[in-house]
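All chains are identified by letter, namely A, B, C, D, E and F, in their written order; residue positions are counted from 1 within each chain.
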Amino acid sequence: MQSVYLEDIDAETYAAYVSQPHATVIIPAGATEQHGPHMPLGVDAMLSRAISGAVAEKLGALVAPTLSYGYKSQPRSGGGNHRVGTTSLSGATLTGQVEDIARSFMAQGFTKVVILNGHFENYQFIYEGLEVAVGRARETGADARAMLLSYWDFVGEETLEAVFPDGFLGWDIEHGGVLETSLMLLLHPSKVDMSRAVDHPPALLKPYDIFPEDPARTPASGCLSSPRGASADRGRLLLDAVVDGVASAIEAEYSLPVAVLGVK
Amino acid sequence: MQSVYLEDIDAETYAAYVSQPHATVIIPAGATEQHGPHMPLGVDAMLSRAISGAVAEKLGALVAPTLSYGYKSQPRSGGGNHRVGTTSLSGATLTGQVEDIARSFMAQGFTKVVILNGHFENYQFIYEGLEVAVGRARETGADARAMLLSYWDFVGEETLEAVFPDGFLGWDIEHGGVLETSLMLLLHPSKVDMSRAVDHPPALLKPYDIFPEDPARTPASGCLSSPRGASADRGRLLLDAVVDGVASAIEAEYSLPVAVLGVK
Amino acid sequence: MQSVYLEDIDAETYAAYVSQPHATVIIPAGATEQHGPHMPLGVDAMLSRAISGAVAEKLGALVAPTLSYGYKSQPRSGGGNHRVGTTSLSGATLTGQVEDIARSFMAQGFTKVVILNGHFENYQFIYEGLEVAVGRARETGADARAMLLSYWDFVGEETLEAVFPDGFLGWDIEHGGVLETSLMLLLHPSKVDMSRAVDHPPALLKPYDIFPEDPARTPASGCLSSPRGASADRGRLLLDAVVDGVASAIEAEYSLPVAVLGVK
Amino acid sequence: MQSVYLEDIDAETYAAYVSQPHATVIIPAGATEQHGPHMPLGVDAMLSRAISGAVAEKLGALVAPTLSYGYKSQPRSGGGNHRVGTTSLSGATLTGQVEDIARSFMAQGFTKVVILNGHFENYQFIYEGLEVAVGRARETGADARAMLLSYWDFVGEETLEAVFPDGFLGWDIEHGGVLETSLMLLLHPSKVDMSRAVDHPPALLKPYDIFPEDPARTPASGCLSSPRGASADRGRLLLDAVVDGVASAIEAEYSLPVAVLGVK
Amino acid sequence: MQSVYLEDIDAETYAAYVSQPHATVIIPAGATEQHGPHMPLGVDAMLSRAISGAVAEKLGALVAPTLSYGYKSQPRSGGGNHRVGTTSLSGATLTGQVEDIARSFMAQGFTKVVILNGHFENYQFIYEGLEVAVGRARETGADARAMLLSYWDFVGEETLEAVFPDGFLGWDIEHGGVLETSLMLLLHPSKVDMSRAVDHPPALLKPYDIFPEDPARTPASGCLSSPRGASADRGRLLLDAVVDGVASAIEAEYSLPVAVLGVK
Amino acid sequence: MQSVYLEDIDAETYAAYVSQPHATVIIPAGATEQHGPHMPLGVDAMLSRAISGAVAEKLGALVAPTLSYGYKSQPRSGGGNHRVGTTSLSGATLTGQVEDIARSFMAQGFTKVVILNGHFENYQFIYEGLEVAVGRARETGADARAMLLSYWDFVGEETLEAVFPDGFLGWDIEHGGVLETSLMLLLHPSKVDMSRAVDHPPALLKPYDIFPEDPARTPASGCLSSPRGASADRGRLLLDAVVDGVASAIEAEYSLPVAVLGVK
């Protein structure tokens, strides 16, 4: 296959791939959400797609079209759903989307499905969709299996120390910060404008949510920490750690023989 | 703005755009569906996105991330949902997706929403989502409006005659045929392999549906008519007709002053 | 059985019928919708019920109670949901109704279900309900099958030429026009008042939908073309064509031995 | 108007009616359910429609198309959903149907909606639909009101004594018994075959439900008490009591000036 | 086990219990609803939980956590949902809760589930949830069974005569009356304040519902009949009758060997 | 009021409370879930209820009946939904329950609603329900506000150091560990049996989920870390920290004048 992105390949090539015992499909899940003045709205979708692609190349897997819209952004992890630029799904729609798509892949013959998440708030609603999809598929006798992961959970201590030499303050404030900005500088440098990056102290997040949201709880930039310190080099460290970790986990769970399935 | 695709622009630029009275967002709706051995699975998503982009450039509108998965393919218009390569949503999920996204854009301030459809089977489920979204938004006092269209409905008689010199046999059998192939040859030539195109007579469609589907009702190629005769030149005729027609309709309905909003 | 309408027969007779291998149930799907000043609101329900009855008599099938309410009328096929006299269901309710009723018939032993549609806007939502119902029934081991059709799709070229000697302008503008009026003049003459029919040129439909609907897009009469030219004789031509075509299709798909099942 | 059934009247006459301050629409709710060997499957739909018609004539109201399918029959009131001949809706579908239809009538201008129920098991699901419909309509500023009733709740002590001279044993066992049979003998005599009526003691109902249902809990006839004693004369007593009671209740709640609205 | 309430026992003891062939779980269903000035809002939840506990002790069953919120209170059985103090669920949520919980118990191995209802308005929505849960569990091969009952349906004629020496006026007006008050005086005496009980004639209920509710239809006290005459002694008569009746019914349906399963 | 638990107070006292400007209702959300051999299944429900009660006493707030069933337990935070003893809701049901109950309290006049969560997996589904409930209530003009919190997010660094002198290993493995056990030893000592506590190293959690769950991923005890080290004294430290923190947050957000509202 010339591409790991399934939208680019034809139905016959695809059918031949699915019929292999180790066929694996990775579905990237992102969001359309503000990421400050220095990065575009599509960061979560772009990163989950690119990371899925890198993992797929390593494993000989296919990448499905990205879920481009995500669950409502929350002030404690993404700035909040009230910010202009953030376009969201309800929980039921996101869950339904995952259930439908996972079951559709399983009906075509896939027994190995992975969802690679790139937007914190999505996780539980995707979990529910996958749980139902796998349960229903297995009721009908299919040998269906699925995995769900958020890519940042594969960044280890060593990488964190290299990327955050002054100390890592926690994933919750990484929205629009060093992690995402570094990965974007590596993967989509033309879509980042560091001259517009706002340098401010990390947001002091309150340990609860309020409704309706209070705009004053989110920094004016929309980022929860400063992207200063982001670089393509750090993006490379992060990407390598994530791709290695995710690929290893999928191999281990699905017993994939990498060499056989490799793209070329 | 450097791009009409909103995932590429930052939140501040986006917010400035939305605050303009004539701000318009176009949401492309496609599918992930087999299109024969000569074209990739993403044809409907790619075409609706590209056409939306061309319309947006003309109007100074923005294009939202594409709805990449569509309603179940049917034998009378797309070959059928049983074909490997076709990954579909239920009606409720597609409707929910449209309702959520349209309402989310309206909540950010958009009063002019357009959905440009590129997969026949989507239409009624999108209609339902838009009808509810606009109704709910207006209940809360918003001056929300929306339009829904399928791009091929803007190809006029004259263009049909030029593209189908031997006579046009109807939209229903155009799945994977001259229309889509010509547009792909123009817009994504590297993703079409005409050497793999299968030349066969048009499918003789029965005027009803059966459940479960009968695979024998769809030609083995997955296309409902032959792509022979497709060319990038014909794609240009089709694209120009569609973009002109759609842009004019949006201008007329939304009273858009094109010059002011133009990308440049 | 004295009647093909199952509401008229008793449970024991019904049970004996269902236990036959060729037992077939036809469910008419209509709407409650304005049809101009010369016809009643129940046209779609009345026609789908009467045509189902004629088909059932020919095949020895039973007709279930009509789905009297349909999906929202659209300006491009029925005048629009904003017209007084049009009372509609949401897509989800119509789909749920079809799913519940089809599954209920299958649970009683029917393996041959037909839905005969008489309201354009219903089709996709019925499709979704049938698709799910058959899929679920088959998961539990039932040999369930279903068919879905709109009656006008069985009017052939020859009939169209006889009924529309000045040329047929397309099904989309037939709402309240010659087709429906002729069938009503044949089947329910007392419910048509041709003295109130409005003669006007065919509606010029735009190739897209807008929300909220613009009442000015629909002719004041509520009909999309003139009923002038309608007659009971033409109704007979249409009915014969439809009943023959539908009955043949059901026979072919379900291998029905007509003589055995005939009502008498 | 020539008919109280709105499916029989045209849109202009209907629109004129709706615009009157006292316009009232009655929606009959029935079921498709076995009623023993002596009565047809459509009893609940037929009776609710006929009674609604009689009430409407008295009040000058309109009758909407009947809800012909009802909630699952239960052994303690209708024999049970497992009986062949009983075709049912889920609770959510019935509720959705009521909500959609009631809101659709309210959107056309009706402020006075009545649902007249003829199938015991429907009541709570209709209640939920009406409660939501009226609440939503009032949120948008409409002066919407609704009533819900089951017709047998209007049979008073005196009538009971006349109809059941040997003592009335309770509504729960009236399924297929004297009440329904008498009304059918009056209103649809040709659809009753008393020679097939089975005379057996009243069913001894247990005060609880079990799942899955136990067919042995329902008498073989499908009726919960004997129809012996049914007659058209008793049907007349019952009908008069019901129609008077229901009409009076509607008049009182909706302050209807009977003389003005009368059909004639 | 030291307790019949499963929230009080540990997972290992619970697992050992579930693995027994006669393991039975009783789920109490109540409401949070006004019960006049002399009783607390939790009456329905408290009574269904206490009665379930007494039945469980007799049978060696376990009692699940109570469903503390119920379906909307209605004027004809509970005063109405508009009363301050009444906090309710929609029908769909209550049905979903029952379906989820019943299926979850069945997935853990329970084949004998009972729901003991203490709030009139809940019954049909619980029925729907149980019907679906048992059907789905059985589709997957489980030998699942369920029972549904309202506790007052087990009070026989003899008990009624003892508790209501002046004549029993019907269950519909028992909300906040002698039945519930007597049981509370027995089971939770500290939560009843008879000095605040209001003595008034029984409510004259109309035989229909209206929307929106008319507060004037409910007595100011919120009770539909006077609690005068309530006493702990009468509570004992009622409780004994109910516990005996319910336990016998469960034993009979589930063939439970009481001695073996007893708590001690 | 004699109790902060609203199920214990009567409707008139409740109505008087709700009419105060500072009336606040706290809804505890728990689960029914295995917590190892040394603790009962109801831990999450018991702790969220008790903590809510302590906060309510401090603030003069009321505590609503606990949501006793929670979202599906996950291996990375609660051991997993496959463990016997874990009885769960789907995401949609939990969201619906929160939406219904929150809206019901708002309809009675509460403008200050708090949900205090005690089961990790619940959070996002409660968030969705509250977000919708507040949005809908505000659409109808109500001045509704809500807060959502998980109690352990209020345990500060200092308390962690006192409770975990050997170092705190993270909230994710606290299921059935020192935190919950200490609080239970303080609040419900008779329901804890430390002699059955299993001492094992903390679970090594994988950074992703798989479907279907792999029982081997959870320690045999069902706890993710050892409860050794738990004590009522440490429970007191934890409780004081949580109650102070939560009460302060509610006071600050809702501007509550504590002295006025205090229970005494």
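Keep in mind that, in the parts below, a contact is a pair of C-beta atoms (placed from the backbone, for glycine too) under 8 Å apart; a residue touches a chain by one contact, two chains touch by 3 or more.
Per UniProt, the chains are A, B, C, D, E, F = Creatinine amidohydrolase.
None of the values given here were measured: they were computed from a predicted structure.
Participant: Between subunit F (Creatinine amidohydrolase) and subunit E (Creatinine amidohydrolase), is it the same set of residue numbers doing the touching on each side, over half shared, or a different set?
Facilitator: same
Participant: What chain is the most remote from subunit A (Creatinine amidohydrolase), judged by the mean position of CA atoms in each chain?
Facilitator: D
Participant: Which chain's centre, taken as the mean of its Cα atoms, is farthest from the centre of subunit C (Creatinine amidohydrolase)?
Facilitator: F
Participant: Averaged over CA atoms, how far is the centre of subunit B (Creatinine amidohydrolase) from the centre of subunit E (Creatinine amidohydrolase)? Could you give it in whole Å?
Facilitator: The mean C-alpha positions of subunit B (Creatinine amidohydrolase) and subunit E (Creatinine amidohydrolase) differ by 55 Å.
Participant: Centroid of subunit D (Creatinine amidohydrolase) to centroid of subunit F (Creatinine amidohydrolase), CA atoms only: how many Å?
Facilitator: The separation of the two C-alpha centroids amounts to 47 Å.
Participant: Where in subunit C (Creatinine amidohydrolase) do residues touch at least two different other chains?
Facilitator: Each of 90, 92, 139 in subunit C (Creatinine amidohydrolase) touches at least two other chains.
Participant: Counting only chain pairs that touch, give me the topology of the graph as line, ring, star, complete or other.
Facilitator: ring
Participant: Name, in rising order, each residue of subunit C (Creatinine amidohydrolase) that touches subunit D (Creatinine amidohydrolase) in their complex.
Facilitator: 5-12, 14-15, 18, 32, 34-42, 45-46, 64-66, 68-69, 83-90, 92-93, 96-97, 99-101, 104-105, 108-109, 191, 193, 196, 222
Participant: What residues of subunit C (Creatinine amidohydrolase) sit close enough to touch subunit B (Creatinine amidohydrolase) in their complex?
Facilitator: Counting only subunit C (Creatinine amidohydrolase), the residues touching subunit B (Creatinine amidohydrolase) are 71-72, 74, 81, 90-92, 95, 121, 123-125, 127-128, 130-135, 138, 145-149, 153-154, 206-212, 245, 249, 253.
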